[in-house]
Amino acid sequence: MADLKAPENAAPWRARVYRVIFEHDTPAGKAFDVLLIAAIIVSVAVVMADSVHSVNARFGSTFYRAEWVFTILFTIEYLFRLGVVDRPSHYAFSFYGLVDLFAVLPTYLSLLIPGGQYLIVIRILRVLRVFRVLKLAQYVGEAQLLRRALYASRFKIAVFLFTVLTVVVVVGSLLYLIEGAEAGFTSIPRGVYWAIVTLTTVGYGDIAPQTPFGQALAAVVMIMGYGIIAVPTGIFSVELAVAYGERREWRSSAAQRTCAQCGRRGHDADSAFCKWCGAPLEG
Amino acid sequence: MADLKAPENAAPWRARVYRVIFEHDTPAGKAFDVLLIAAIIVSVAVVMADSVHSVNARFGSTFYRAEWVFTILFTIEYLFRLGVVDRPSHYAFSFYGLVDLFAVLPTYLSLLIPGGQYLIVIRILRVLRVFRVLKLAQYVGEAQLLRRALYASRFKIAVFLFTVLTVVVVVGSLLYLIEGAEAGFTSIPRGVYWAIVTLTTVGYGDIAPQTPFGQALAAVVMIMGYGIIAVPTGIFSVELAVAYGERREWRSSAAQRTCAQCGRRGHDADSAFCKWCGAPLEG
Amino acid sequence: MADLKAPENAAPWRARVYRVIFEHDTPAGKAFDVLLIAAIIVSVAVVMADSVHSVNARFGSTFYRAEWVFTILFTIEYLFRLGVVDRPSHYAFSFYGLVDLFAVLPTYLSLLIPGGQYLIVIRILRVLRVFRVLKLAQYVGEAQLLRRALYASRFKIAVFLFTVLTVVVVVGSLLYLIEGAEAGFTSIPRGVYWAIVTLTTVGYGDIAPQTPFGQALAAVVMIMGYGIIAVPTGIFSVELAVAYGERREWRSSAAQRTCAQCGRRGHDADSAFCKWCGAPLEG
Amino acid sequence: MADLKAPENAAPWRARVYRVIFEHDTPAGKAFDVLLIAAIIVSVAVVMADSVHSVNARFGSTFYRAEWVFTILFTIEYLFRLGVVDRPSHYAFSFYGLVDLFAVLPTYLSLLIPGGQYLIVIRILRVLRVFRVLKLAQYVGEAQLLRRALYASRFKIAVFLFTVLTVVVVVGSLLYLIEGAEAGFTSIPRGVYWAIVTLTTVGYGDIAPQTPFGQALAAVVMIMGYGIIAVPTGIFSVELAVAYGERREWRSSAAQRTCAQCGRRGHDADSAFCKWCGAPLEG
């Protein structure tokens, strides 16, 4: 959300509201964030509890009212967010903007479609803000490292997934031919579903081969699935090790920067100013 | 398929058809590839959908006709491929040649053996061409890296698989002796099947030990299976790291090549000509 | 328990008991430790066996008496431990102090709450002492290495767990909406439970999607769960490799220390005195 | 079996039989090995097939006779092995000596204990000889590498296993208290069995928690089990990488040896003689 800015030359109240809602470094901003996350977690818990029959029978009407209170609060918050940013459309179509919208829509939809209010649980995605709120450089840095490693492995993982999908379609069809409907393989898509359940070692057991030949083939798929878990694991481990090495290099080269004013070294990788004399750092 | 060449001194139409069907760098060739892959995916989807009882009841005859249309189209394509390559037998026995053949055979077989048309799903293997069509150096490179790591680990993986098979036979027989038929262990092969289901952590639950002693042995097998997944994963990770290191060395040594004409360095590993002056590169 | 000291200027019997109970390097201390661990294991085995209906029917009263004997012995030992340390409150609130207390409480509680005596199995935690008793530098060193790697990966693992929990809540709710009660998805919490069972590839099969759409979504979750196991594995592998590297560096730098008296090198990393002349080592 | 030698000064026939049975580098020795392994595999297959009810009904008497033929052949072989080695007791108590004995005992036992002949499947362990027969340096080398990595990780794996066992005992007892007999948790050992089934992600589903609290605890165990698979995997990966590095160093230092006669370098790590001039190599 680096591209979401408070409007320049705006009415002072807008700038103030912006600081409270979007920023995390003032006491008011922090209090708002903590309250918001608590409200999100409570509202998700209410939806989850409400879906339990016995709980709903006792607290249904309370929960109903609570859901509407939360939804109206979040709607007001959403409108404020739209109102105080420089370019509302930018925010509306950003990841968090969409999550904020989808976090309130289901309750309104439930007026039209019964049951729709359960979709509200995607509200849980709002909790992802927690990382930004905590402002823990560690979390951000570590998440970035994981993301970089995943990004670097994307082609290899695509090759792996494509191969897995091909295997699963072929094996699922074979089992459909071998086992047939009485063992639960009523169609090829069900066979493919079974193959995925087996290859990933989930193994529900709702569909399982009955004939010796089917079981022999299933055994091959299991050993294959057991073995090829090594592939994504190996890919990710290696990419993560590479990302680690790069970060270390970057850090040590960043630490080598010399302050032009006081001549000291040993700055943190992300510091833009000398921590001893305050002069701006270069490079 | 580097060894499949257009026939030299052939009729011009053969050379032209060859370029459209086998090559991917002309607009006509690209269009053909995209159409072919779309046709393959649609035809596989039709076979899968056709196997679902309720769908078959409604669209059965349409699907039946669609299958024949696809099969005839793929047959024509197969014959063209045979006709335009330099050595048809070479193509016919190559991996893709066999896949292309098996992609049409099942439909013809279904005239003799009912149900045989479902084998058509191996047609999905034709989609593997997609990697060649996309001509994404990344995909090819990454797939090669994975393949090299798998190839380098083949002896270690054989040792591992052999040990797993021995364990599984011994454990399956023991459980057969301990548990007997009432727990589902009706024979040693079924016991071995159970041992594979358990060791690979799939765990269907269709066969499960009932006696305390059988369960104790099963617990040992589970912990063993849980632990030894570390073996193929470790093997592959290490081999992949080695393959990575080799690629990096190869790339950096390739980048060190000096153009004999302009004297510049920094060429890509796969470039045969200097990218600044066009002179051929050596080494 | 480095901070638990024998009281200075204490009655000689207290110092002697302290050495037997808390230290492991005298013959009496060793004998006490071996006896203690044997008693712990036997008492846990008794509790476990006692919970089996048929065993309880035959040996119930013997086991009952055995439990009380062990509990009274452990209580006496606990009181001795409290009595001979320098600062009893320090011991009482240390990890082992609490474990020692919880190892006897359940039997007394069982007088008030029937069934409570099974909680006694946490007594098994006392066996963790075994590592300290064995005084195997290897075990301690290796456990430390694992702990350091886990500690270094804590932020990354928190990010991973948080993402997994978010996925599981969203997917569980979706399946609840899609499948409904007849497939076992009677509430969102049950859906989340199912999502965890599936994502972790446990796959009981007590709840499983029945509709094609639910199964398709489940297939995606399975492949996701199958793939993202790579994430914690990669994280831990890399951190462990880093911890390894650091230990090796530390060891080789420690071995480089020169004895000020005899001038020799090659000391162990943890030796504080020269092993050739006995002079204290620095650094 | 490096310590099993042909008796010196023995009757010539004993030396000859020794070479055929124990060694693998003469044509007769190779032919014997291939025949032996074929006989082992066939005899194990017979036992496995014999345990299948329908197969036994048809071929039972043939199989019965085949088992006795194999057993008598293997007994003769065992007696010959005992007869031609230098120190029979040494062979009799070696790993392969015991396997050879246990490979024939069950059939004799079956005269006393019905069903005992199925124990014969441990005969499959004799197939392990295959590695020695194949004399493939690769297999031996790779197996050694895996073994060294496993050996180096033994302390860390012991720490890991001990922790897992402690967790499993505590969790199994808790679930026994929470769920009770109606959910299948009829005793603490069964609870521990369930905990192992769940933690290792096998998940049969024959015992599964029914209460919300039990399911919540189970969910924690699953996520724990899903995550801590990273620990043995990480340990083994790192140890394997270390073993790799050591082998590479050893190889490159071995290749640096200079032949004292011809002065050449580049010898294989395991060559004791110069491959160019035949002079013995040192170091």
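The letters A, B, C and D name the chains in turn, as written, and every chain counts its residues from 1.
The rule we apply is simple: a contact is a pair of C-beta atoms (placed from the backbone, for glycine too) under 8 Å apart; a residue touches a chain by one contact, two chains touch by 3 or more.
Values in this document were obtained by computation on a predicted structure and should not be read as measured data.
Repeating the C-D interface, with the same residue numbers in over half of the contact pairs, is the pair A-C out of B-C, A-C or A-D. The chain with its Cα centroid farthest from the Cα centroid of subunit A is D. Here subunit A and subunit B face each other with different sets of residues for the most part; under half of the interface numbers are shared between them. Counting C-beta pairs in contact across A-D and across B-D shows that the higher total falls to B-D. Subunit D has its Cα centroid 44 Å from the Cα centroid of subunit A. Centre-to-centre spacing of subunit B and subunit D amounts to 31 Å, using the average Cα coordinate of each chain.
Shared interface positions of subunit B, i.e. residues touching 2 or more other chains, are given as 189, 192, 201-205, 225, 229, 233, 235, 237, 241.
For subunit D in complex with subunit B, the touching residues are 44, 47-49, 51-53, 115, 118-119, 121-122, 124-125, 127-128, 130-131, 136, 138-139, 141-143, 145-146, 149, 157, 161, 164, 189-190, 192-193, 196-197, 199-206, 225, 229, 232-233, 235-237, 239-241, 244.
Those residues of subunit C that touch subunit B in the complex are listed here as 201-205, 233, 237. Residues 155-156, 158-160, 162, 166, 169-170, 173, 176-177, 186-189, 192, 198, 201-205, 208, 212, 215-216, 218-219, 222-223, 225-227, 229-231, 233-235, 237-238, 241-242 of subunit B touch subunit D in their complex.
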